[in-house]
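In the two complexes below, chain A is the common chain; its partner is chain B in one and chain C in the other.
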Partner chain A sequence: MIDYEFFIDQSRCIGCQACVQACMECDTHRGRSMIHLEVIDRPVSTQTGPVVCMHCEDPVCAQVCPADAIKQTEDGIVHSSMKSRCIGCSNCVLACPFGVPRYVASIDQMMKCDMCFDRTSIGKKPMCATVCPSQALYFGPPAEIERIRRERPVNEFRFSQQVVKTKVNVMAGPETNVMDFDVLTFMSGGDDPMNDLIHLSVWTDHRV
Partner chain B sequence: MSSPIDPHWKRDFPVRSEEDGSVARREFTKVLGLTSLAFLIGTFAAAARKLWRNVSPSRTAGVPVASVTEVPVGAYKLFRYPTENDPCILVRLGPSQFVAFNQNCTHLSCPVHFNAGTMQFECPCHQGFFSAADGRPLAGPPRRPLVGISVSIRKGQVWAAISEAQTT
Partner chain C sequence: MAIPTLDETQFINKFGPHLNYEPPGGWQDQKPDKLVKTHCCFCGVQCGIQLKVKDNKVVGFEPWEEFPVNHGMLCPKGVKRYLQNEHPDRLLSPLIRDNNGFRPATWDEALNCTVHAIQRIQERYGRDAFAVLGGASMTNEKAYLLGKFARVALRTANIDYNGRLCMVSAGAANKMALGIDRAANPWSDIPLAKAIILSGTNLGECFPILTDYVWRARDNGAKIIVIDPRITPIARTADLFLPVKPGRDSALANGILHVMIERGWIDEGFIGCHTEGFDQVRELIGKYSPEFTEAITGVPAASIVRAAEIWGPAETSMLLHARGVEHQVKGVENCLSYINLVLASGRIGKPGCGYGTITGQGNGQGGREHGQRCNQLPGARDIENPEHRRFIADFWRVQEPDLPHTGLTACEIFNAIESGKIKGLLSISFNPLVSIPDANRTRAALEQLEFYGCIDFFLSESGRYADVVLAGSLQEEDEGTVTTGEGRCVRLRQSVSPPGDARLDWQIIADLATRLGAHDYFSYGTAEDIFLELSAATKGGIADYSGMTYSKIENNMGVFWPCPSPDHPGTPRLFEDGRFMHDDGRARFHACEYRPPAEDVDSEYPIFFTSGRVVSQYLSGNQTRRIGALVDQYPEPLCEMHPILAARVGVTQGDQVRVKTRRGEIVVPVQIVKTIRPDTVFVPYHWPGKKSANLLTNRALDPISKIPEYKVCACRVERA
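So, the complex of A and B:
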């Protein structure tokens, strides 16, 4: 199971919310989903995209945590904040380039996806990947994904100068080796439809 | 991932949990268990050593301290035994009764003096008093008796001896 990896193919997502419901049922955070199902641009498209924690090799959320509440274990999993340490400052929420951590005001603590550590640590698949009917979320051996998909898994992202390598892979076009984002273009405004995307995914919670 | 150029607070609070210096419960329990085990073994070793000594008491030959005629009744003689750093006092209480003690007061190791009038040892430092007959404390700060030296009379000589168990 150690060589199993997580693959996300946003284009296969059908927006069924099965992953969200499955995540909610988990005993470790009952009633609250750690996976975000983002609505991309509802007026013009039905496309949705699941967002799990990408588990960065050098997690920015943990680097900016002033309370040492976010830890990365040997297997590369970046864990949710520790209850006894998290001070609810939301530094991680603002720092994460993927918009994964969420501040939960009712318990004054950040909560995020930990790739179902209770399951993956004993050899089970993450809950969301087991229920996804279209295999937009896939957890399995890299050789298998190479065999059944024509997209290429990418785990390197560039946000202008910042290069982020992640444990979780995103399925991209066959020629793509790295996901390149020009942050300044997103921030400058204008008519670029991608602006809506970045606004939606970063600042609003579209969970139904 | 912390590198040597990181500020020390980053080394103290690393992101990766395996770099964290905090002790896991399992390690702590292990240290606790092994330490107790070491103490247990040490205790049994000390007890066994003591038992072995008791089973085979080997007395040293002793040394001649004085001739019987040299010390009149009620008088004393200072000597050093078993080493030059152990001042001792020999007292003749009766015609055939000799006692000897280590001169160190059991309170703070001042040398005790013999008072023939009261038949007591006196420590001038803090007014400690010991019985000359058996060395037990009578008054003052000391609570333990003076360390005794066994005395025997052979061929007109007073011999002081100390059993090996007493040296430790």
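So, the complex of A and C:
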């Protein structure tokens, strides 16, 4: 399972939260889920997106940690903060470009997805990717995903000037090599008048 | 008069629903004593799952990746299902109603009390005045036993089950068109299809793991057509979405077939060799032009043409439907009209080619085959067929004339309680107060019963009306089999034994039979004894299980019926030889003229009301409303409403809205979304009491299948 990789395809997600519920059940998580399911804009769409840690090659969370509490192991997994070091400052929470780490007040510590280190280290798949009913979360060999999916994996992301390379892949269109995020454009997207045009073209018979 | 002696709050304090969040012993890492390979207790997909057991308690789960249907995948209900075990609300002994709710009773007292009531009512009012209601969550063994109990021990005609509220219209249509009530294909055919129609199925929320099958088809180049009044999660990225107006499905299917015929996208060779009745359909379809169909259905003519362009010439295809088209007074006609699309294409009985209803309940398939339906005997035999009657009468060693004939269906049983014809009721795994339409009438009917006995593991809202509650077993407490939505009979394993004084359901039924003097017919030592009897009883029937044994089912990870002999491998795909199950081997087209729903919108009630489910709850919620993390996911019913309608009603996000029909009203928060037709509101139905969607729904029945019209009625909405 050493060559297995993690792939996320948001277009497959049905928002069921099996990943969130199952993450809680992992032996080491003790009822706390490390995966977030983002509801993108429910008034407009049922689109949802599961967010696991992307396990950056050069993790920003670790760079900004003043207590050196976030460690990356040789296999590229970026771990939750070390209890003995974490000072609960939330620098990592603010710095992560994907919004992954969460500060847990009850234990005064940052916790995040560690790609089920306890499971993958004994040859099991991560819990979320095992249960995911739509396989929006997939864990397997890269050659296999290339064979079975139309989309192609991307693991390079550009946030304005910042380029982030990750261990986890996101499935994208066949022409995409890098995913570009212009945050300001996304933030203004909610008022896009096209939204209404799209929807009214679905409900043509909208006289009520 | 079965009137509860506590108010709602008192009942909730004593019997829940309380929310269970943690496994027994808390979240610390518990080394399980064993992992039990079994199945989820919820929907008709019956995902394989391993339950972690420690000290005779279920403490968690582990995915079962080897099981070939779900490969470890689970929905949130499956993930959290283990929390129903060791639940604080679990019934631990029989209960008898007193002035303070219920008091614990011994089994002797509770069973005798039940038997005396049965005998008194049957002596005074006749055998049929006592009715039995079963559930399609039960194993094949229990479904068989309950049917035999009603016919042999009680000799009442009036036994039916909650599958009547699920897919019986599809079952009837399947029998009429194809001669058999079973999905024609295994789900493994879905990824091989190049065109898929999903009609009236919120597949992503109700059968979540089948989503992967549909997406794999899309990976292989399939085009997906979704037909629904709401843009459900599976519809969001469909290639074509047909936003059908509630209650218009048969017209839409006719409209698509019209274009197929016009463009020559039909298989004349197949139609000629393997079917009957196409000429009548062709004649009827003539007027269902895209424009004519648009006027009825609200689906744009161009989209109807596009659907035919995708479906008509496809190389392979699967058509799947569920409750959306089935829960209507023309449920049978809707299904027949969709089957016409399949038969006209000639694409059935081959890899990647076929059709099926996606059965909703855990044992929705097996639960309807073994005799708990008012019109069926084991093996999906017809209770009015003289040969079938004789076979079962001989098998049971009873006189054929003593075998009751067709009884009343589930909703009709409640109508008959209202009219005073039925005086006593025994229910198991059925929560009619939440699940039967027009709940105010259901409540009044329960109050009118002279005796109500309820077998269940939690006290349901209906159970509060019971005179005697018999503490039964959870799915993981018994051995048995269920037959999944694809016709695969799978093995459930006992993980733990029932707690306290609770007993296995089948032992309770057998005990009642013994006390009614029918011991000789009900002496079983194990669930497997019942299975051996039921499989023998199905021999020669349509649903033939006679070649199955527990070990064969386990070794093969399920066996598809028909399986008529020990060396038979089972039948995953039907009709491979081009023969359908009618005597002449030919399938039947049925020409179904569109007719409107029983209650259409008008100036007084101008908005369509439709109901359905959410992913985190199951059926009447008697199990899932007790599991904390599932309740947190969707805590209470919301009324989905389009912003255009919301503006007219004058409500904004989160406001309370009153939804009112001719039968009742509810007040729930509004959820304003652009994913629903502007002329329709939707409320999920899993909740009881004042927020119960079934206070609103219409108990109008399909004339053939007697399924009620949950999916369309007329309402008004106003700010509350």
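Note that in this section the second predicted complex is superposed on the first by the 182 of 208 C-alpha atoms of A that agree within 3 Å, B and C clash if a C-alpha of one lies under 4 Å from a C-alpha of the other, contacts with A are read in each partner's own complex, and residues count from 1 in each chain.
Basically, contacts are C-beta pairs under 8 Å (C-beta built on N, C-alpha and C of every residue); 3 or more make two chains touch, one makes a residue touch a chain.
Note that the coordinates shown come from a computational prediction; the quantities given were computed from them, not determined experimentally.
Student: If you stack the two complexes on chain A, which partner ends up touching A:C16: first (chain B), second (chain C), both, or neither?
Tutor: second
Student: Applying the touch criterion given at the start, work out whether A:M24 contacts chain B, chain C, both or neither, answering first, second, both or neither.
Tutor: After superposition on chain A, A:M24 lies in contact with chain C alone.
Student: Please work out whether A:R42 is in contact with chain B alone, chain C alone, both, or neither, and reply first, second, both or neither.
Tutor: Only chain C; A:R42 stays clear of chain B.
Student: If we overlay the two complexes on their shared chain A, which of chain B and chain C does A:C132 touch? Say first, second, both or neither.
Tutor: In the superposition, A:C132 contacts chain C only.
Student: Is it chain B or chain C that touches the larger share of residues in chain A?
Tutor: Counting residues of chain A touched by each partner, the higher count goes to C.
Student: Kindly classify A:D68 by the partners it touches after superposition: chain B alone (first), chain C alone (second), both, or neither?
Tutor: In the superposition, A:D68 touches chain B alone.
Student: Going by the contact rule set out at the top, does A:P153 touch chain B (first), chain C (second), both, or neither?
Tutor: Touch partners of A:P153: none, neither chain B nor chain C.
Student: One more residue to check, A:P50. First (chain B), second (chain C), both or neither?
Tutor: In the superposition, A:P50 touches no partner, neither chain B nor chain C.
Student: Take the contacts of chain A with chain B and those with chain C, and give the residues found in both.
Tutor: The answer is that chain A has no such residue.
Student: Where on chain A does chain B make contact in their complex?
Tutor: Result: residues 58-59, 62-63, 68, 70-74 of chain A touch chain B.
Student: Provide the residue numbers of chain B that touch chain A in the complex, in ascending order.
Tutor: Answer in residue numbers: 1, 13, 15-18, 20.
Student: Could you pull out which chain A residues touch chain C in their complex?
Tutor: Interface residues on chain A, with respect to chain C: 11-18, 20-22, 24-25, 27-28, 30-31, 42-48, 125, 127, 130-135, 148-150, 195-196, 199, 202-208.
Student: Note which residues of chain C are touching chain A in the complex, please.
Tutor: 21-22, 27-29, 60-61, 63, 65, 72-76, 78-80, 204-205, 208-212, 215-216, 218-219, 231-237, 241, 243, 245, 298, 300, 606-607, 615-616, 629-630, 633, 642-645, 648, 653, 671-675, 677-679
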